[in-house]
Amino acid sequence: MNYVLRRLLMFPLVMLGVSVFVFVAIRLVPGDAITAMLGTESGLLTPAQRESLAAYFGLDQNWAVQYWRWLGGLVQGDLGLSVTYGQPVSQIIAERFPLTLELALLSMVIALLIGLPAGVFAATRAERPSDLIVRVFAMIGQSTPNFVVALLAIYVLSVGFGTLPTMGRFVPLTEDPLGNLAQLILPALALGTAFAAAVTRIARAAMLDILSEDYVRTARSKGFSQGYVIWRHALPNALIPVVTLSGVEFGYLLGGAVIVEQIFALPGVGRVVLDAILQRDYALVQGVVLFIAFNFLLVNLLVDLAYAALDPRIRYGAS
Amino acid sequence: MTLLSVEDLRVGFGRTGRETEVVHGVSFDVAAGETLAIVGESGSGKSVTAMAVNRLIDYGGGRILGGRAIYDGRIDVAAATEAEMQRLRGREIGMIFQEPMTALNPVLKVGTQIGEIFRKQHGMSGRAVRQASVRALDRVRIPDAARRLDQAPHQMSGGMLQRVMIAMALAGEPRLLIADEPTTALDVTIQAQIMALLAELQRETGTGLIFITHDIGLVAGLADRVLVMQGGKAVESGPIDRVLDRPSHDYTRHLLNAVPHFRAGQAVRTDGVRDGRAPALDVRDLAVRFPVGGGFLRRTRGEVHAVDGVSFDLVPGETLGIVGESGSGKSTTARAILNLVQPSAGAIDTEGRTAVQMVFQNPNASLNPRMDVRALLAEPVIAAGQRVDDAVVGRMRALLARVDLPDDLDRFPHEFSGGQRQRLCIARALMLNPRVLVLDEAVSALDVSVQAKVLDLLVDLQREFGLAYLFVSHDMAVVERIAHRIAVLYAGRIVEMGAARAVLSDPRHPYTRKLISAVPSIERRRIDYALDTEEVPSLLRPVGFQTPAQVWRQIGPDHRVASEQTA
Amino acid sequence: MSFLRALLRHSSGRIGAIIIAVFAVAAILGLAGLTPHDPLAQDRLARLQAPGARYWMGTDLFGRDILSRLMVGIGQSFAVALLSVGLATSVGTVLGLTAAWFGRLWDGAVMRAMDVLLSFPAILLALLIVAIMGPGLVTSVVAIAIVYTPIFTRVVRGPALSLKTRSFVDAARTFGSSRRYILTRHLLANLVAPLTVQITLALAWALLTEAALSFLGLGAQPPNPSLGLMLSDSRNLMESAPWMLVFPALVIMLAVLGFNLLGDALRDLFDPRTRRALA
Amino acid sequence: MTIARTLVSTIAIGASLGLSAPLAAQTLNVAWSQDATGLDPHTQTAFASIRLLELLYEPLVRLGPDLEIQPALAESWEFSDDATTLTFNLDPEATFHDGSPVTAGDVKASFERILDEATGASARANYASITSIETPDDHTVVFQLDGPNVPILNGMASVNAAIVPAKAIEAGTVGTEVMGSGPFTLEQRTPNANASLAVFEDWHGGDIAYDGIDISVLPDETAILAALRAGQADFAFLSDPLVATLVPRDEGLTLNAAPTLDYHVLQLNASREPMGELKVRQAISCALDRQDILDAALLGEGEVTGPLTSPAYRNDPFSLFCYEQDQERARQLLAEAGYEDGFSATIMAANGEPPTAAAEAQLIQSQLAEVGIDLSIEMQEMNVYVDSWLAGDFDMAVALNGGRADPYTMYNRYWTKDGNLQNVANYIDDTLDTLMQEGRVETDEEARKEIFAEFERHLAEMAPWVWLYTGYTYTAQREGVQGFEATPTGSLFGLVDVTLAE
């Protein structure tokens, strides 16, 4: 069967699994839902009030019924109401997610812009000093957690330059693109360092492999220059593992956003999810985690499609 | 006129200043329109020599250490700069590689890979490129060329890809063409087509051709001159007839005599005995069908009839050779007998589970690299539920001695050569005293001179233990050496079967004839191969499809052929 | 032994091995209580002291010795990483092997379940699990193990599928070898190399994840030292007490770097292509 | 008075500098680290909520910079001679944000809502002595009390006694829609991120010199400092002394530290053993070095204090029971209680609230370990912490509790028998209850001080909790922000008097 079609059909199936997992997981979190919902006021409830509340929120039903209802709402874009925010979860996501997405995408772009050329450069100079320097940097980059990069960056800025990254009030992209970029560039760098390093390493390794492939030799036998051989014959093949990596790494970026948003005080969805988990805001955790997983899966679907575009073997289903 | 003159060429690999020399001073000339064959086994330095001629060796970690290679009397390739080489490659010296499947860029369309030559080397653009590309494919007799341009390499068969490769090599209109084992990865009938094409194109263009091969029989029909290489040295060179008929060097003689060459039934074994003894293996109406998945909901779209009603028997001491090309179902038949694939229908009668053992094609892959000889030989014993006691160890040592391996049970597979590993596989298969050995391409992965020795060993063992062999191979020359009887498999069915001499010397089925005529032979020199682009028919059938029964015609006492059907 | 020698000849393998060895010694000393100072003892007279003769890496807000705390922190991080990766390896190997061997429904069920787990960014999944189990070291172990199990399942299943079609497995089947024999002697034994590489790299990731969790306050609980917690404690003090930031940051980087270097070296050594080049 | 002052000062500045009205809207950018947890003025207890709600809602009276009672919605007020009747005259100019006037009916409805148990109002106990509320006309409210109760006026000076529209109560929209009478209207709010306030042009309290406030919630106070430095915030509320002390390093920034009424305290749960043992509690009190904890956790930014934090009622803390660390005595007391080998307990603290909580917990842990008490720390998220706190579900808790100007208002919720947080304190003591009641009815200032000094002495000796110290509240501002006056309550209401330079 057609590869693309199969990926498209798998998508809702895995999503369904993800939704079940999230639903069950959050219900395993200790603590009564009503207490978590009402906080200080729950102590004043009579048993009758408690029951009626449970009925109102559908918590009196068994999990299957609750899940079915939640799923029903989900299909209509209704993710429920956040207790801590007193707002619909969908609205919170709509307000916060663009920032997280922008942060992740910006990190990705930075990582690819740094990593790809660095990796290709290193591969063409394999085992020479310039290759070694690139590899050392990539190795260190890959070994440094994003929060360490973030903290060190803040430290260097504050001690070395007597300033701090502009963290204050978040400026949305639509309001002031330059101001927005100025705010996000450092978080994106912190988030993207490890990714850039990984791209460098994988691009280098792929390029090295490919440069010894028969078809590169064939291209050389046609009398083409090194530049043309790399650009036209090797690079399209080297992009395939880089694209795969980008799909996987996008998840790390979304996850890393939880920490980086916290450090740089950015009002993205990463911070929401951390707070929501800590504060047992069921609907919010369910909604946000599902939404993040949805986006992660979506990006991986796009990666799969990009794959098909890059590699005709996948597009037409090689034997 | 001499196109290329190579003198005392030395090539090495490794770090500058500490190279290991692998080609030790080779000299040869190639004239325009002439074909030079470089013959040798793996490690002889023949490919390295070829790669040195257009300096692609530079990109494989190698370097020309000395000597000269004067191209066209004007430029020494050995001393040329990379920029100079880029002007030579493609335009002056074209190259065809061994594996068409890997030599073409998998992510670029065929048209792109041909077109770029016209674009870059001939400065064409736009429609002209496409028209030139279509003409290039037409020239190598690729049907429906315009459509093929938009295909990706993996959508084409190996034979087609090699034609594309040739079209690409010729697109730069080179005056010298280097073909490095261009047919080794291909079926024998396809090989014949490619050889024919090369010969014809060379006549048309007057190109000089360096043809590199391990099969001296293959070049008999093509080359003007031969250079035999061994261990990085040229041991003999001269005109083809002189070298083939009056070899002066021992190694050349060895290649010509000890190595199996196809002799159309004249080299068959004569020790066959088929005197009504009870068969050690009896296969009746064997069928193997693979469902072709519908994908998501796994609805079966159809079935591939990989093996379709195959019947034969095998008596002790006898070898049945099953020959056929890729996709003919010969390996599936072998695997079905060992129950490695589930037969869909038919009966297989043997004398118990351990009575049939198998030797696989690739000795590297059929020995677990993490087990030593003792563990490897013990495995069948353990699997049979027996204890590995002194008697078993004794048998291990005896078998090792019998297959000419050192008496060391603690070695690991990587410490053996390819031929030794295959001997180890044979010893392992014999651990349980089987009646039948199924040998699936058992010598195909070995160097030609090693092949001969393993074949000799197999014959000896067969005599000693009264073994029955089911010898599955695509190589007619090898089968001729070992088989008493031959079954020709085509599209999942036996189309012709009988005594080896009868089938090989007097093939009756059209496919058998085509197959045998395609086999290269030392006897056949400078003959024209017929061009033929027919491909194997699809074996995909609707679910439940019953292939009509075959109608057999008896030709001789032990020789029968299936009638042509139009199914 | 010859393998170890080869590893030490490999440049990044040598550096990685040295780093890990040094850290392992520090970790063992830390866990055994053999630190220069009591990692929990508060020296009231030496709060926020810069690195010096008595406190080599300075002290924190409470006058606790940062070096001692780092040693215990490394010990805990290493313990969490080893346990969680061990767990993930065992479970992942069993799942991957059986999925590859039995195929069909079981394979589908296992791999879809892994797909679901892989649909969550690792940190997010770990956070969810911590929320369920409550913060602490045991939770960190379980959370990290669950996060990395799908990766090991995939790492095992892929090669196992290809090993399954190798001739030596076919050969074993023709002998009638038992399923267990084939799974352990033929499949598992040949997965040792990719698994070793993966385990080493996973240890690096596990260290990172553990540090991230404790950075968010979800790992080891105060006053227990943990690398992430020490870093997060340094945030508001980095201008006045930079050593509180620099040393834990360096330790995390170096530890992860060590495992990464080791993993790279192992991959090179196990890869037949590079092994030839190295020989 | 406030109106006049604000009006005069505004006019004066405008006139003296000859400024025309600024063309561009002037917005004050404010940053703080904790966001309000809800918008119902009656139920919110968190400082973060109060801070925001005080700008949106108004009580009848409010406390000035020196904790003196100032008019808010009430122009004037009067106790009957026997202190059992309290009459308020409402400001006739006062309107809600929708323009409808604030009437006596709204006041009555608001207090009835506060007194309704179902509301769960946090300060309900403060008003328990109200027996009836009369509304002779639209602008007069008369509270009948069940006995003399002077502190009730102080108790009403809190946004927890804010007046909300009667119709909002009927509609049940209190807490979801902001409809107050305060100086600002809530234009937009994203919880835990930001909020925009606009000046309520018709505010009866006077004019405000700028147009609105943009609030950024930056959970990391380092980020707030960064925002100040970068000019993204003009004014900030800080609670972490580690950060606050960095402010003066920048030339353009000013730090204001004001001593606060709020007290850092180690709460012991006397309903759990062995904290039920007096000697154990006393031992804990003796084992702690309060100044040392203050020095480490707050970098010394604060003062060791007894239970009473209001300037008028403060006493020398070191006259109280065991305020000097005495480990020997602590061990002896433990031994007497039968715990010579110490014991184990858990200590609960909230993440980031106050920011010093984790540090305090670790310091207390370390100091108690020296006398053999083995504490394990449970760090909890704020709302989880509050749940456990309200339920009295802890062994020990590190807390930063709110202070009030009047000791009775401050402590009757914990230390009277019907205090509504009695189950948090979990300690019942007849002496404390009696002293509280005496203090409530006493109208003579000196006599009240005597009573509460005795109350404080007894409380410290019984040690149901171990009082530690008060910190400072910090506000920081950029050059050009002028006129803010801090109060010990940590209120930001003073923002109404702020002027901005161009």
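Letters A, B, C and D mark the chains in the order given here, with residues in each chain numbered from 1 onward.
By definition in this document, contacts are C-beta pairs under 8 Å (C-beta built on N, C-alpha and C of every residue); 3 or more make two chains touch, one makes a residue touch a chain.
All values reported here derive from a predicted model rather than from experimental measurement.
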Partner chains that chain C and chain D have in common: A
Identifier of the chain whose CA centre is least distant from the whole-structure CA centre: A
Interface ranked first by C-beta contact pairs: A-C
Between chain B and chain A, distance of the C-alpha-averaged centres to the nearest whole Å: 49
Gap in Å, rounded to a whole number, between the CA centres of chain C and chain A: 22
Centre distance in Å when chain B and chain D are each reduced to the mean of their C-alpha atoms: 89
Contacts with 2+ other chains: residues of chain D: 220, 222, 351
Residues of chain A whose C-beta touches two or more other chains: 154, 262-263, 278, 280
Inter-chain touch pairs (all): A-B, A-C, A-D, B-C, C-D
Touch list for chain D against partner chain A, complex: 29, 31, 37-38, 43, 45, 117-118, 120, 122, 176, 190-194, 214, 216, 218-220, 222-227, 229-230, 232-233, 351, 381-384, 386-387, 390-391
Residues on chain C engaged by chain D in the complex (per definition of touch): 40-42, 44, 47, 61-63, 135, 217, 221-223, 235-237, 239-240
Residue ranges of chain A touching chain C (in the complex, touch as defined): 10, 13-15, 17-18, 21-22, 25-26, 28-30, 139-140, 142-145, 147-148, 151-152, 154-155, 158-159, 251-256, 258-259, 262-263, 273-274, 277-278, 280, 285, 289, 292-293, 296-297
Residue ranges of chain C touching chain B (in the complex, touch as defined): 166-168, 170-178, 181, 185-186, 189-190, 192
Chain B partner contacts - residues on chain A that touch it in the complex: 1-2, 5-6, 9, 211-226, 228, 232-233, 236-237, 240, 310-313, 315-316, 318-319
